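By written order: A, B, C, D, E and F. Residues from 1 in each chain.
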Amino acid sequence: DFQRALDDVAPKFGAKSQELKAMYRNGFVPYGDSFDLLMGNMDRLIEQGDICLMNILFRTSEKTPLMSVLLQGPPASGKTAVAAKVAVESGFPFVRMISADDMIGFSETAKCQEIHKSFLDSYKSPLSLILIDDIERIIDYVAIGPRFSNVVLQTLLVLLKKVPPDHGRRLLVIGTTSCPHLLQDLGLVHAFGVNQSTSLLEDPLQIAEVLRVAAHLTESDAEAIGNAILKPIGIKTLLMVAEMAKQGSKGGAVDVNVFLECLHTVGY
Amino acid sequence: DFQRALDDVAPKFGAKSQELKAMYRNGFVPYGDSFDLLMGNMDRLIEQGDICLMNILFRTSEKTPLMSVLLQGPPASGKTAVAAKVAVESGFPFVRMISADDMIGFSETAKCQEIHKSFLDSYKSPLSLILIDDIERIIDYVAIGPRFSNVVLQTLLVLLKKVPPDHGRRLLVIGTTSCPHLLQDLGLVHAFGVNQSTSLLEDPLQIAEVLRVAAHLTESDAEAIGNAILKPIGIKTLLMVAEMAKQGSKGGAVDVNVFLECLHTVGY
Amino acid sequence: DFQRALDDVAPKFGAKSQELKAMYRNGFVPYGDSFDLLMGNMDRLIEQGDICLMNILFRTSEKTPLMSVLLQGPPASGKTAVAAKVAVESGFPFVRMISADDMIGFSETAKCQEIHKSFLDSYKSPLSLILIDDIERIIDYVAIGPRFSNVVLQTLLVLLKKVPPDHGRRLLVIGTTSCPHLLQDLGLVHAFGVNQSTSLLEDPLQIAEVLRVAAHLTESDAEAIGNAILKPIGIKTLLMVAEMAKQGSKGGAVDVNVFLECLHTVGY
Amino acid sequence: DFQRALDDVAPKFGAKSQELKAMYRNGFVPYGDSFDLLMGNMDRLIEQGDICLMNILFRTSEKTPLMSVLLQGPPASGKTAVAAKVAVESGFPFVRMISADDMIGFSETAKCQEIHKSFLDSYKSPLSLILIDDIERIIDYVAIGPRFSNVVLQTLLVLLKKVPPDHGRRLLVIGTTSCPHLLQDLGLVHAFGVNQSTSLLEDPLQIAEVLRVAAHLTESDAEAIGNAILKPIGIKTLLMVAEMAKQGSKGGAVDVNVFLECLHTVGY
Amino acid sequence: DFQRALDDVAPKFGAKSQELKAMYRNGFVPYGDSFDLLMGNMDRLIEQGDICLMNILFRTSEKTPLMSVLLQGPPASGKTAVAAKVAVESGFPFVRMISADDMIGFSETAKCQEIHKSFLDSYKSPLSLILIDDIERIIDYVAIGPRFSNVVLQTLLVLLKKVPPDHGRRLLVIGTTSCPHLLQDLGLVHAFGVNQSTSLLEDPLQIAEVLRVAAHLTESDAEAIGNAILKPIGIKTLLMVAEMAKQGSKGGAVDVNVFLECLHTVGY
Amino acid sequence: DFQRALDDVAPKFGAKSQELKAMYRNGFVPYGDSFDLLMGNMDRLIEQGDICLMNILFRTSEKTPLMSVLLQGPPASGKTAVAAKVAVESGFPFVRMISADDMIGFSETAKCQEIHKSFLDSYKSPLSLILIDDIERIIDYVAIGPRFSNVVLQTLLVLLKKVPPDHGRRLLVIGTTSCPHLLQDLGLVHAFGVNQSTSLLEDPLQIAEVLRVAAHLTESDAEAIGNAILKPIGIKTLLMVAEMAKQGSKGGAVDVNVFLECLHTVGY
């Protein structure tokens, strides 16, 4: 039964694995203490750690069949990448990503059915992980009004509280959002059991490390740029601008001024 | 006739019994005076007590064919568990739970039909109990706006006032909610005959007792944690964190600091 | 023609008579002067009285083919009971009750058709009475917003003004509501020709009389309770609590404290 | 052609004539100077008068193919009666009344089609009159919101400005309303060419005359009542109460106190 | 190709010519300097003038394939008449009038299709003119709310900016409105290239001239009335009242007092 | 594979090329430093430049498969022309323009499908460019309310963030808007990676140059007009008025006063 469930969902996962890995295609840099803490907490949801081992609990105990974590943080701070990495590394037999671009132009009802189906499918697997990326897009949120799909919101509120009906099934839900205050008002923050957050890069050393490791800059260039960036910056933005600047420079060396100019162009 | 009605509804109940018991799968701890009072009041709705015996009234009198009680309380304070326990222990031949997760993606009209059907079915049984769990989800409530389904709300308002049409049928409706103020404004609080409430755990002794009995902590650990928790906490939250902390500790012993750390992780 | 019309509608009435009587199944207590005045005014709409005999007018004159009365009062004050009693005692060949629980889940259009049909049917009978119970439910009213069905409201506004098209037909419409201010704002109060109101019980003597006559309490118990109740109370509430208290007491005697405790339980 | 058009519409008119006369079934009392002025102005729209003869204009000139008049006044002041009388007395070959009770439960689109059809039909007749009674009901107006059917409103705004397309056809539109301020805001007052108003009865002599002539009271009774009424009163209300009072009195004589009591009952 | 296009649209124009002329059936009085200026500007859009010859530009240059003018002014100030005159006198092979009364009861989508079709048709003709009369009616505008059809508005905004796709086609769009401020807020004023306005008649001499020429009053009567009118008046209103007054007077002479009385009747 | 993709999309592009060139049919004047800077930045997105070469990056790196730029600026400042020029000169095998006039009267869902299809098609080509012209029209924006299509907005928000799924495909999205503040509030500005803006012409020398080069005015005329224009002006407006003025003048010479008069006529 367990094995069959594993087999059933395996192909789905296989297909998704590529897609998930694409969310952090340039590698993964653990850029500092707060990031390590975050990844530690996330890993404990899927693997063994040392204290407060949610993962042990989750894996070995029959008492917590449903766990959910909301990963919040500013735009471009690497939320999707972290969530996708956790999903891939979980090794869970059932992994599903619910993302707005698979439901473009869907009616509200069709969206609910799609989401509901993912959860119903997950209930068939012994260990499941559902990643709900960019919740504000899933519920069609816009600040003016504000407007959002209440039908989809209610579906999420209900499913986030629903324990898998069959005995021995366990489900981990990871959601990501850039608007925690909105989600708070909508009752969604409370609907998640655990809250974790990503943050922008601030420390020149961390910025330099990311530039060096993920953008392959020389140590001196990375350091110079790290010192020149005065406001916190998202890792996504940092890496994009780094590549822009690299292309505009000779031989891979990146001049600080070229970098700052590119930064300006992207409206930073 | 009575017997046939009993037979008719029996299978339905059988199916539901499991589901209802799952609402308090870790056992049931009567954790203090206010809780005892609540359970006493609830029990009187279904069983014999000593004074103000609503249950006697309800069982033996033909004069009150409809009784309804709204169980309100903060999130995670055990509302659903209490309601489900009362439903299971009532021994009523017809017991039905109306919950949002059975109606995901339903149109407003379909929801009304589903709810209406439950009531129509109940009218066929001599003694019926309907549990409407999480009324705010049933009516698709969200604080921004605020928005809710007026169609479903009106259906509830009407059904909560409608006496079973056939002579000798009696119906008890139990509703649960975390938003009593909302329900007040919607006219729903008034639509219920009786109001009861659950509360958060505050007393170190009560907290310790719950930890000891339901989470199987040692008396000393339970006591230490009970003294370390400084804000009121929901029993649901308490038990979840207890299990998390137990897993992260050696051999079942739970360190206070580990417990507090886990508490922090769940955003308490 | 007249006879045939009578025959046509007779079965309908027969069926409804039971239902209407159920609205005051515990008997009917005329509990004081203001109540007598109300019943007098209502009776004049259907029977002979002495002065200002609307009923005579209505029965013998051909000049007022349409009369309508809005019965307003606080929740639980006995509005539906009074209206149903008048309807049963009218002896009119056509009596119809329009109530929200016959239209649960109907679309707005379907509700309008149902209501319209009742009026069209009434136009076929020489003497008709239509009872529109709980108008706020009929129009799906909720205070938040506020929201209501404008389509149904407009239908009522039009039908309450429309004179039966055929010569010699007469129609009495009785509406009940607990929200007279709302109905004022909606233009519905004005749409009714006559306004009458029920009130809560305040006078210890009246309360005692109701308890004695309708709840079969001993005179001394009734008196004691009457004196112990310090806020106005609806007759519906009073009778419900009386029965609860009777069940909890020995042999039919009711202790004042038991009564007050039950009163507290129902959130009074 | 003219004759055929006349023939075509004749049956329609025949059918409506009865219905229109029912709007003033108790006769018609010209109760004072302001009323005479109103009727004079209205008559000029359909008959010969002496100065400012809109009617001459309308009948003999080919230059004003479209004329419209809005008859506004407080509730119960006799608007519909006046409009219906003018319609009946016009002798126009095409007369149509657009009233909300013929469109109960219609969709907005169906209402527009119905109204449009009346106008299209009118364009076929050489002389047409369309009575739009209670415009606020036609557009489903309610003060809370406010809400109304914009689709129907726009249809009226357009049709009230549209000149009959065929040469030599003339159309008179009469609208009635109790909410001139609303109609002002909606742009409807401006859409009518001419504005006329009815008023409540204030003058004891006028009240007495109405009571004497239309309600067949003795001169002394009528005078006594006229002097006892201290606030302005609608003629519709006055006549209804008069009949109520007559029925409650002996032999047709009406006591002032009986009258005032009945007045009180109708919420005046 | 050019000739065939001309032939194709010719019948359409023929049909419309009558309808357009009906918009100024009583002739056309150029009543003063500001009016001359307006007509001059409008004529330049379709004919040769002397300076700033938009028309030359439009006729001979290939560079401005799309021109649009918004004709705004108070109600009854002659907007439609001016626009229709320009359309008739343009002699353009394709002339189309888009007016609300051709789309009564249309759905928003149907309205868009109708409007779109007019523009698509126009793109087939070498020289086209589209008259959008009473834009506020086309978009179902009402001040309360305010409400309007955004779908239709967007269609106009897009079409007013869209250059005819085929080379060498030219299109002139004339819109009329009484609510320039609304149109400003909706972005419609900006969507038109050119803005022109009509005004009310103020100057006694101009009023007299209009009365004399278009209403055939004697010079002395016209002068007397011109001096008696103290507020600005729309030409449409002036002419309507003039005819009303003429009918009420002997032999065509018009007394000033009769005129003022009629003016009062129309609510001026 | 690459070649086949090229072939597949080629006809589409061919068809569009004409249409795009029509957006700057009168030639293209680089009228000053800020304009040069803008065009430089834009060119870098598609061609080789010297520093901060986004284009190099985009063309040679595999790391930035999605780039998007929002071109904002006042009405008539040449946004569409710039975007179209970039699109034509890109030489990309897949170029698509999404513009509101291709979707007139479409339902929201149909619009989403159309937009989605453009993106899905682009994912098949190795190098694609999508031009979304006048985003406020695409989302049916109007300031009153404000109102807009949330469904279409969400589709854009999602697609602007979605990386082409297949490896090695690259997509450049260019959007234009006159309402950057609106787009900011809607979250659209942030959804674009890069922000660029056009501005009005202010400098007399720039105005003169545009008039000379694109409107073929003599140097002295151009200079005179340049000095006479005191407020910033859009290039689109400037060129339209220049042509109007040329037509009204003799032989191609343009008098300053004639020009200013024409300027006044267009409501500048």
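Operating definition for what follows: a residue touches a chain if its C-beta (ideal position, glycine included) is under 8 Å from a C-beta of that chain, and two chains touch if they have at least 3 such contacts.
Values in this document were obtained by computation on a predicted structure and should not be read as measured data.
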item: Euclidean distance of C-alpha centroids - chain C vs chain E, Å; value: 60
item: Length of the line joining the C-alpha centres of chain A and chain D, rounded to whole Å; value: 69
item: Residues of chain F engaged with two or more neighbouring chains; value: none
item: Contact graph of the chains (line, ring, star, complete, other); value: ring
item: Order in which chains appear around the ring, chain B first, chain C after it; value: B, C, D, E, F, A
item: Residue ranges of chain A in contact with chain F within the complex; value: 19, 22, 26, 75, 100-101, 104-105, 107, 134, 137, 140, 142-144, 147, 240, 243-249, 258, 261-262, 265-267
item: Residues of chain C defined as touching chain D within the complex; value: 41, 49-54, 56-57, 60-61, 63-64, 109, 112-113, 116, 146, 148, 150-151, 153-155, 157-159, 161-163, 165, 185-187, 189-190, 193-195
